[in-house]
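Each of the next two complexes has chain A plus one other chain: chain B in the first, chain C in the second.
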Partner chain A sequence: MTGVVDAQGVTKRYGEVLGLNGFSASFGAGITGLIGPNGAGKSTLFRLLAGQLRPDAGSLTVLGEPSWSEGTFRRRVGYCPEQPSMYDWMTGEEFVTYLLRVDGYPKSEAKRRAAEAIEIVGLTEAKARRVRVYSKGMRQRIKIAQGIAHKPQLLLLDEPLNGVDPVGRARLIALFAELGSSGHHLIVSSHVLYEVERLTDQIVMISNGRALAQGDLHRIRDLIDARPHTIELTTPDPRGLAKLLSGWEHVVGIEFVGPDRLTVRSRLPDAFYRGLPELVVSQGAEITAVHSSDDNLDAVFRYLSEGIG
Partner chain B sequence: MNGMDRVLPIAGASVRASLRGVRLIGLAALGSIPTLVVLAIVAARSPASSVHDAAQLLFVSLTLPIVMTLVTLVLGVAQFRGEIEDDTLAYLTSRSVPRALVAVGKYLGCVAAGCVILLPTAMLPLAVADAAGAGPPSSEATIAIASAVVLGVLAYSAIFLLLGLLSSSALILGLIFGFLWEGLLQLLSGTLPRLTVAYYLHSLVSLETPGGPMSGYTTVFSSGEAVAVLLGVALGMLLMTAAVFRYAETAPHRSSA
Partner chain C sequence: MSINPPRYAAGPMDSVGRPQRALAIYLQELRVRAGAGTWFVLALMFGIISLIVVLVSFETPPSQLALSIYFAPFGSPAFPLLILIVTTSVGSGALAEDLGNRSITLYLSRPIHLSDYLAAKGAAVGSYVALASIGPGVVGVIVVAALGVIPGGLAVSAIGAFFAVGFVTTVFFTGLALALSALTNKALYAGVGIFGSTLAAETAARVIGAITGNHDIVYVAPFYDVQAAASGAFQANTNLLTNPLGSALLLAGAGLLLLVVVWVRMTRVEVVGE
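Entry: the complex of A and B
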């Protein structure tokens, strides 16, 4: 195989638990979505690709190099981990500059590249603030900035849209599309198909540590669209937001699940996600976080798993 | 581009990460104990010579065996273990920097942070004694104390850095090493005390301040040999840390993937 990333029978165990179980897939050029519910093995695969973990069995190559190797080839890879923790005591600019300096760039060059990357992710005004005061969306963006600052060929984005507000999501998706069109290869993981679908039709589906399907996005979509999709929204004004959403034809249910949260069931999740930024911008709705439940995909993955098994 | 260009930013970040917030307050409070004890002795209107002797005795009985152990334990373990647990180590290990340089950078940062806390911890009681009329310590005593602090930080930091990399229970293991191993073996006769870092630190201080309150520790080594052993421990542990880190999986242990 000659993909950007090639996996052949990759297995990774955490004691008794299998993180990956004979995972085989080839990730080609451009943007590829890695779709699977939590616990499917997405983060394990990313950690293997980023050189944090070593495969127990099988072969895994990144840009033609074994994933478990250090050295200059790592400059060709950018990694944005899923976890929210960062060096919170640094400013955004210090964070990106620091990692560039660790990568071997001289101070002035590191500062220049950091400023450029921070500009790309739209955080220039906030770059002098400490990371600890950043919102979720800003944290995601500064993580992306450190991932792209050294201009890698391959960018690994582990759940980059998790918990980001609608406007932030739209901006990040546009940014990923731009990176993809400017020659970067991106592997973007998510448990929300609709997010990834807006970026690419190259999909690798993973469940229980195995690749279930590659490509064939339309079949998956048909399966998912047949079921109402549940989305949890966080807002300081749940009643006001519910009033706005109740006017949407495809919204089939709204439930208040907390003082600042409500869940919405939509028959057309794609239209729902497309409409959210508009709701915020033109109707002034305040939405601080969007979370799509794994339940939506679980049934589909079960169906696919049974088909394979 | 040489290795130090990569090591120094890591060391600098380690110093900043080590000396901030609650940890800094805690370490500073711990480090102030010997000075507070000397102040209490001064307040009790003890004779100047007693204050002088007490300040030096506190170094060998409190600062070296307890304060230094705790400070270097907290700092050393935090370098790797803290970043493994909160998963920030991924930012370094996914970069092109060789892992050995990461280990060296973190070690240097840990040593610098340890010296920032422990040199004042060791020197302030002497300054207080001087201000109380006991006169300045001899240059031999000053040099011996400063050397013991730096060499102790070098050796203990390397040990605790490795522990932090190897074990999620590094703090407990470090306490066992620092107080049971180092403390108990000191009490035994024969050659067993030589298996502790403290033995060489006490030897150095004792040999370099003959006739003073810190002398009198029985040792079979010369100062040069004590220094060589301490540097050897530091270097050996650092090399081992670099080798372990080179092959270590650094993601926090998780049952779900």
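Entry: the complex of A and C
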């Protein structure tokens, strides 16, 4: 194993509840997305990676060191938890400076680095305001600032885009991309799948405390190509369109999902998409919208979850 | 506002040692723990207790000056009650707030030991409790000694006695505050627990002791133990029912036991928040 993070059979229990259940995955360099629904075990994994939890079984190494140890890896890891996790009566500057002091920086150095990190996340103008008056997006950014202020090699971002407005999301995604390209390793969790798609192709999918799949998103996509793809079509005449499509050999199922919509399951999506224009031109079919849910991570995740289940 | 690209590369950091990191937490806690109400009670204590010490020094004929006269502030449960108020005020949120707002996760993901974190928190709470339990008496003695009202030897003995009683009092109340603060993520609940459990134990022990005639039960009363320990430290003749040394050991032992509870609880804090 040579990954930035290597997990082999990691299990973490909370009494009767399994947080992680034999989780095995390797997180490589650069940006890796950790995908899974709420309750999948993402935050548990992050807290294990941050050295806050001890694995009940299995091995977990972070930057080459066991995660549950007195090793130096914590100095090289930045953690941005999902929860608010802050003293909101402090100013943004005080908050980041204080945590750098806890990290072990002398006061003057802590202040300098805090200012630098706050500038990176774009909060310089607001650094003297108390965190309690920050918007949710600003709180996320100040959390990220404390996570990057000590220049970690590995940055753990637990749902960092949660609650951030669209403009803020775009900025943070650009920031993460910059961090990734400047030598940091990032593990970014999310249950909003398109966000991770915009960040990286490298993903680890987690559900019920287990890794469902990992690697390049497109390779994972290839894994499920054997399964029928679902395409949703919007048309004023669903029954007429269904009649036309039922003659296609690779169409294995049609379902009416609304007065003007139907979903089609096809074994050969490429052939399906090639045939649609022909259907409109030669058969006179009227199709007002085509939406393939298979094109996003949600569908990949759903397929894999069903496969495991 | 905009977000700028980073202008640095990841790299190792230079850092100061564990004591300095714990000191950063300690100083931060000192700054935030005591609100205006706490300072008001502390000022009240310094005013009243110091005044009592000064007055008894002036009122006692020089030939009768003795260590025992400085037991006066402990003559009623009011002094321990004021210490309890300060303890509740500064100690209830010490750990509960970190558990409640999850800032504990930011501490524990950093290169600090849990023991450093707890030591810093305990030291901060203990500093205020010590200030309340030791400070007023010592200040009063220093004033009368400086005025030449009492001899230096007596002043040193009195200061030593105030420190001795204050020490066991501080250990007990700090342990109690941290233990109850560690058991909840709401400072209010912890505060009610600290105040309520102490007063409940005090009242119940005294009432049951009076009804049953069982003097041993009075050891359960914290204020009574503080008074008894003080009677021993100041060599005062009182009609208190417990053994002074026994009460002092009980306070210190219970405090240390509660600190162990804090440690055990916080090593399992990983469950919190899930």
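One rule holds in what follows: the second predicted complex is superposed on the first by the 215 of 309 C-alpha atoms of A that agree within 3 Å, B and C clash if a C-alpha of one lies under 4 Å from a C-alpha of the other, contacts with A are read in each partner's own complex, and residues count from 1 in each chain.
In this text, a contact is a pair of C-beta atoms (placed from the backbone, for glycine too) under 8 Å apart; a residue touches a chain by one contact, two chains touch by 3 or more.
Values in this document were obtained by computation on a predicted structure and should not be read as measured data.
Following the overlay on chain A, a clash is recorded for the pair chain B and chain C.
Within the superposed three-chain model, A:Gly209 lies in touch with chain B and out of touch with chain C [touch as defined at top]. Contacts of A:Glu119 after superposition: chain C is touched, whereas chain B is not reached.
Of the two partner chains placed around the shared chain by superposition, chain B and chain C are both touched by A:Gly104. By the document's definition of touching, of the two partners only chain B reaches A:Ala40; chain C does not.
In the overlay built on the shared chain, the residue A:Gln52 is in contact with chain B and with chain C. Of the two partner chains placed by the overlay, only chain C lies in contact with A:Glu178; chain B stays clear of it.
By the document's definition of touching, of the two partners only chain C reaches A:Ile148; chain B does not.
In the superposition on chain A, A:Gly92 makes contact with neither chain B nor chain C.
In the superposed pair of complexes, A:Pro238 makes contact with neither chain B nor chain C.
Ranked by how many residues of chain A each touches, chain B and chain C are led by C.
Of the residues of chain A, those at positions 14-15, 17, 19, 43-44, 47, 50-54, 70, 72, 74-75, 77, 79, 81, 83, 85-87, 89, 98-99, 101-104, 106, 146 touch chain B in one of the two structures and chain C in the other. Residues of chain A that touch chain C in their complex: 14-15, 17, 19, 43-44, 47, 50-54, 70, 72, 74-77, 79, 81, 83-89, 98-99, 101-106, 109, 116, 119-126, 141, 146, 148, 150-153, 171-172, 174-175, 178-179, 182-184.
Interface of chain B with chain A (complex): residues 1, 5-6, 9-10, 13, 16-17, 20-21, 86-88, 90-99, 102, 246, 249-251, 253-257.
By the touch rule above, chain C contacts chain A in their complex via residues 1-17, 20-21, 24-25, 28, 32, 101-103, 105-113, 270-271, 273-274. Chain A makes touch with chain B in their complex at residues 12, 14-15, 17, 19-20, 38-44, 47, 50-54, 70-75, 77, 79, 81, 83, 85-87, 89-90, 98-99, 101-104, 106, 146, 209.
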